[in-house]
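Pasting a structure below so you can have a look.
Which chain is which? They are A, B, C and D, in the order written, and residues in each are numbered from 1.
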Amino acid sequence: MRTITFSEATLEAMREEMRRDPTVFVYGEDIVRQGGIFGQFKGLPEEFGDRIRDVPISETAIVGAALGAALTGTRPVADMHFADFIGVAFDELANQIAKNRYMFGGQANIPLVIRAPDGIINQAAAQHSQSVEGWLQNIPGLIIVAPSSPATAKGLLKSAIRLNDPVIYFEHKVLYPQKGPVPEEEYLTPIGKAEIRRPGRDVTIVTYSLMVQKCEEVATELASEGIDVEIIDLLTLKPFDRATVLESVKKTHRCVVAHEAVVTGGLGAEIAATIQEQAFWWLDAPVLRVGAKNVPIPFSPVLEKFVAPQKDDVRRAVYRVLHREV
Amino acid sequence: MESTQAVFPERYIALPSERKMELLRTMIRIRTFETKVEELFLNKKIPGFVHLYIGEEAIATGVMANLGKEDWITSTHRGHGHAIAKGAQTARMMAELFGRKTGYCKGKGGSMHIADFSVGMLGANGVVGGGFNIAVGAALSAQIRRTNQVAVCFFGDGASNRGTFHEALNLAAIWKLPVLFVNENNQYASTTPVSYGLSAQHVADRAKGYGIEGYTVDGNDVRQVYDAASYLIGRAREGKGPALLECLTYRVKGHYVGDPEKYRTREEVQKMVNERDPIKLFSKVLMEEGTLNDAGLAKLYAEAEEEILAAVAFAESSPYPEPEEALEDLFSFSPKEFPEVIA
Amino acid sequence: MRTITFSEATLEAMREEMRRDPTVFVYGEDIVRQGGIFGQFKGLPEEFGDRIRDVPISETAIVGAALGAALTGTRPVADMHFADFIGVAFDELANQIAKNRYMFGGQANIPLVIRAPDGIINQAAAQHSQSVEGWLQNIPGLIIVAPSSPATAKGLLKSAIRLNDPVIYFEHKVLYPQKGPVPEEEYLTPIGKAEIRRPGRDVTIVTYSLMVQKCEEVATELASEGIDVEIIDLLTLKPFDRATVLESVKKTHRCVVAHEAVVTGGLGAEIAATIQEQAFWWLDAPVLRVGAKNVPIPFSPVLEKFVAPQKDDVRRAVYRVLHREV
Amino acid sequence: MESTQAVFPERYIALPSERKMELLRTMIRIRTFETKVEELFLNKKIPGFVHLYIGEEAIATGVMANLGKEDWITSTHRGHGHAIAKGAQTARMMAELFGRKTGYCKGKGGSMHIADFSVGMLGANGVVGGGFNIAVGAALSAQIRRTNQVAVCFFGDGASNRGTFHEALNLAAIWKLPVLFVNENNQYASTTPVSYGLSAQHVADRAKGYGIEGYTVDGNDVRQVYDAASYLIGRAREGKGPALLECLTYRVKGHYVGDPEKYRTREEVQKMVNERDPIKLFSKVLMEEGTLNDAGLAKLYAEAEEEILAAVAFAESSPYPEPEEALEDLFSFSPKEFPEVIA
């Protein structure tokens, strides 16, 4: 299979969906003149004219207008520049977009996508390094996805654009330049469905986004120690695929949840709480969580590394659920 | 109340008398609806929070007379008048206020979330200033799809201090979106007089900051509202971009039904009721024009009364939703069948 | 002990702290002319002049200015009118207030309080009924408290005002008119410390805010069936008092977490996840969560009641952790 | 670049020559710092994102010359110049950019969060428009405590489209807070020309919407900036309320170090460098005035060079923080000892 970058994969998804459906359009800050900070919009202006637009630094307008546009016959895709700025438009997400369909009794669909580049990269410090899916997890009405590879980036973005409901699409900044196999022919990655990246018998690791590959590396290393890890890539973070997770945990009896976001109050809390609720009698150890330490992301490389979750943290958690000395 | 008479093409005057009568009819229907709602709320027939549009009817009426069903509006927490003027059915509105299954939102919304998307009424909003960008988005949709629809955003004087006002007007202006921002300056934001919270003298003064036109009209004179809206909506439809129209009015009732209203005197209110009631003013105009007589006016009131009583009867005889229906309508798919592949 | 309302208790706290410290001041929408929607600011204007102020409908200014004022020698208390509007100023909370001290290396303290009336009352519907502490739980740098009675309302508000760090103070709208004993003499309710409202041996219920009294009623009813419930009133929601919770669970071996916020992604997730991590081997049943169903709060009384957590939900959860048939 | 010459009391002209030289010195120190930072960043000595202030030095310098250490400023992502002009030490700044323990933020902030609270520099901000309300809050603190401190908020042309701009200016205006909003209109917001994103012709046009004064000056002429700031800060200090000062300038370097700059031509940039460099312009003025000669100018550069090299040496010889120090500074208490009773 051919190999393209994550960034190119999202670009293909945009191009295919914009060709397929003239009501799909995209806008965001600084995406037209230079193709997006991560090159993820390159070439679209040439092909799609005013269906790709730059916007002023006005995040409430970006997100709020997406709702208005979605209610009235288009399928907007709005780019947040950095996921960190979702907070600027939080009311639009939490009180307008998430509630519109429900509080008006289902009068309209809300086919919109908010793209949000997230994660730690290059000492970008406290306000440009966050993974903020946890901010949104207690809001009914939003669907949250996070690809982990070029293939899932393309397939999930296409599915998100076609869904008649609001989707927040978190794309990790470190992934953009990474290459991976992506089918030539059209495909969709189902929303609401996790993928088992690596089957295993001893421990389940539930993870998503960039952490998937870190966990895969750990799993490979642990395999040489005879520990057989199963890795579940959630892909859809909310609602997450309980069936796949629970089935896996009922098989392995042990589980670690890993994400880059801060552990306290993160998505791992919901996942761990659900697993122990639904699979308590199958568990041979507590569900452990791995994630960033409970502070903002600091600038200095030494500090950043200490705060961000590392492969070693995952490894240690696996040992612990196996009741091995660390 | 200060009022700057802007000069717009005089289109009201050329309207056929049925259209003029229609304006009055709409105002009276709104008034009758609101008066009944107040009574029902005080009698505990309607739960929740209710904000009445009494005294402000000329604005929704004068603006909406320039829109078709394919055009959109966004409304505020004070949305009944907008809904009626946009063409929503009072029976389904009343049912919604009663929390019944037959209401526009199947009982999920209530007064603060009254909406009828089928006539382009994109919803009242419990968040002050929540509608600006929704209207901008609708106008953007028209521009992207190259239709000649327009969007109108209604908002209060208080709402003009929200950041969303700024971001929406700037974006609408740079893209020349077909949207009209209609400010209902009713002199108060809840307990707070406009003179306290608004740093500009007029909301319309803010237009310059977006390079667009801004006007202030007497919002209790439906003719002025009609003419201004006709001109500005026409321009928007022609691709000439957004404008800001401030309509000076007065909130005759409390902020919500039950408001102790300690922030103003009864005299202030009474004076406005006596001198500036938009329905009285317009009835007088129509009588002077010879379009209306006493019997005609009585008939309008009687018809409106009949309609609203029927609406109440409809609401009262409608069933409540089943409790489990609370789990519906969150997504386009049923909670039980999350679509695995979206085709 | 004398009895006063919750609303009066908060008023006393404000008055005492404003008398004690001239740098304490308070502002919010519609608090001066009519004393606040719940009467919680009545009389302050007469005594404190321009140290209590009405503001325009500008939530980013309300919250953002609190930070600027806190950094420069005052102790602002800002009222959000309804907790639902916190989303409007989410960036100010999450990216500015919560991060300021940390990302600037501890250069200044941030003594500010955001008061946020929350909860379901009178069919106020989707945008005026929320409990939104879950939105804030994944943000390091914020302290969140929620009183459950007039006494804790007063004591926590005073402590919050004196703390040199940002505190979000959630006050349930249903509590305002409720009366309860409040000491005449000055006292503070410690931040970071839960209170055991009712000791018991069989099951621990971890709860807060209005749900405390609902849980107490359930406990009284269950007592007659021979079930001895221990009720923990968290008071401080973030960081919550792990020691008290874990000690209780290690004693009872069973736990239910109850809050009014939506269950999915709510604070209960973090609490349940922590309990199973730290007290796994003591648990005789999964930690169960009770809260609102996974939709916005609907308007119609029938629907609202169905969505909001009821005493029966708590009772059923207790039966379930006791492995009794429901 | 269009520039409206507003008429302010001519105070620059009356400054003693040391003060004038001090202005030039500050501008040169900023330029030298930034030039070195660019080099260090390209040589991978400095991690993170870096936004340079080159070409805009006259603004920070002209404004800050009117402030004392007890006054406050809020800054932007492009904050080095503001910090230096406000009195921060370049050595501790450089150490911060290097991520060292001796930096102002102990290595936790970096360039985008440079700050020195001890001289009233309340921080750069990674959120565009994040500083407006912080400045308003500082001004509010001055008003509540009845001091005569003032706050200055620096912000870009792009930032003027954020809703926080609107809410901050409105609140500052109604309370007559001692705050000056200084817009650095450098013609671009990242890749986006100001003419695209800004609906008004000038940022200063927005002042009217808040009933305050708004002016546009040549931000590359430190004398104009000084005079305007002197007048407006003076008014703010006297309790006459806020104002909006737009300083027209040009961002000579890319948005960040490493910017491919595809959105403009090299010629456009070169023309600005040749004709509008604020340091060249002001050096020429001082030479014409007879305050400065070639040797004096060379000395200023040499001293600045020496200072910045020392700053780099300090930074490079400073230790990194210990990893565990990442857990400090979140709260006023240590994470281990949450205060149970706050006295």
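Remarks
Keep this in mind: contacts are C-beta pairs under 8 Å (C-beta built on N, C-alpha and C of every residue); 3 or more make two chains touch, one makes a residue touch a chain.
Everything quoted here is computed from the prediction, not taken from an experiment.
Farthest from chain C in terms of Cα centroid separation is D. When the interfaces A-B and A-D are ranked by C-beta pairs in contact, the top one is A-B. Chain B and chain D have CA centres that are 45 Å apart.
Chain A and chain B have Cα centroids separated by 40 Å. One finds 30 Å separating the Cα centroids of chain A and chain C. For this pair, chain A with chain D, the centres built from the Cα atoms lie 36 Å apart. Shown for chain D are the residues in touch with two or more other chains, namely 105, 107-109, 113, 125-127, 161-164, 166-167, 170, 174, 196-198, 330. Residues of chain C found to touch two or more other chains are 55-56, 58-60, 84-85, 88, 91, 95, 102-103, 125-127, 140-141, 239, 294-296, 298-299. Across the complex, chain C is touched by residues 47-49, 99-100, 105, 107-110, 112-113, 125-129, 158-159, 161-163, 189-192, 196-198, 260, 262-263, 320-327, 330, 335 of chain B. Interface of chain B with chain A (complex): residues 72, 74, 103-109, 113, 115-118, 122-123, 125-127, 130, 132-142, 144-145, 149, 151, 163-164, 166-168, 170-171, 174-175, 328-333, 338-343.
Within the complex, the chain A residues that touch chain C are 84-85, 87-88, 90-91, 93-95, 98-99, 102-103, 125-127, 132, 134-141, 238-239, 261-262, 264-270, 272-274, 276-278, 280, 283, 285-289, 294-296, 298-299. Across the complex, chain B is touched by residues 29-30, 32-34, 54-60, 84-85, 88, 122-128, 293-296, 298-303, 305-307 of chain C.
Chain C contributes residues 22-23, 25, 50-51, 53, 55-56, 58-61, 63-74, 76, 91-92, 95-96, 100-109, 140-141, 143, 159, 162-165, 188, 190-193, 239 to its touches with chain D in the complex.
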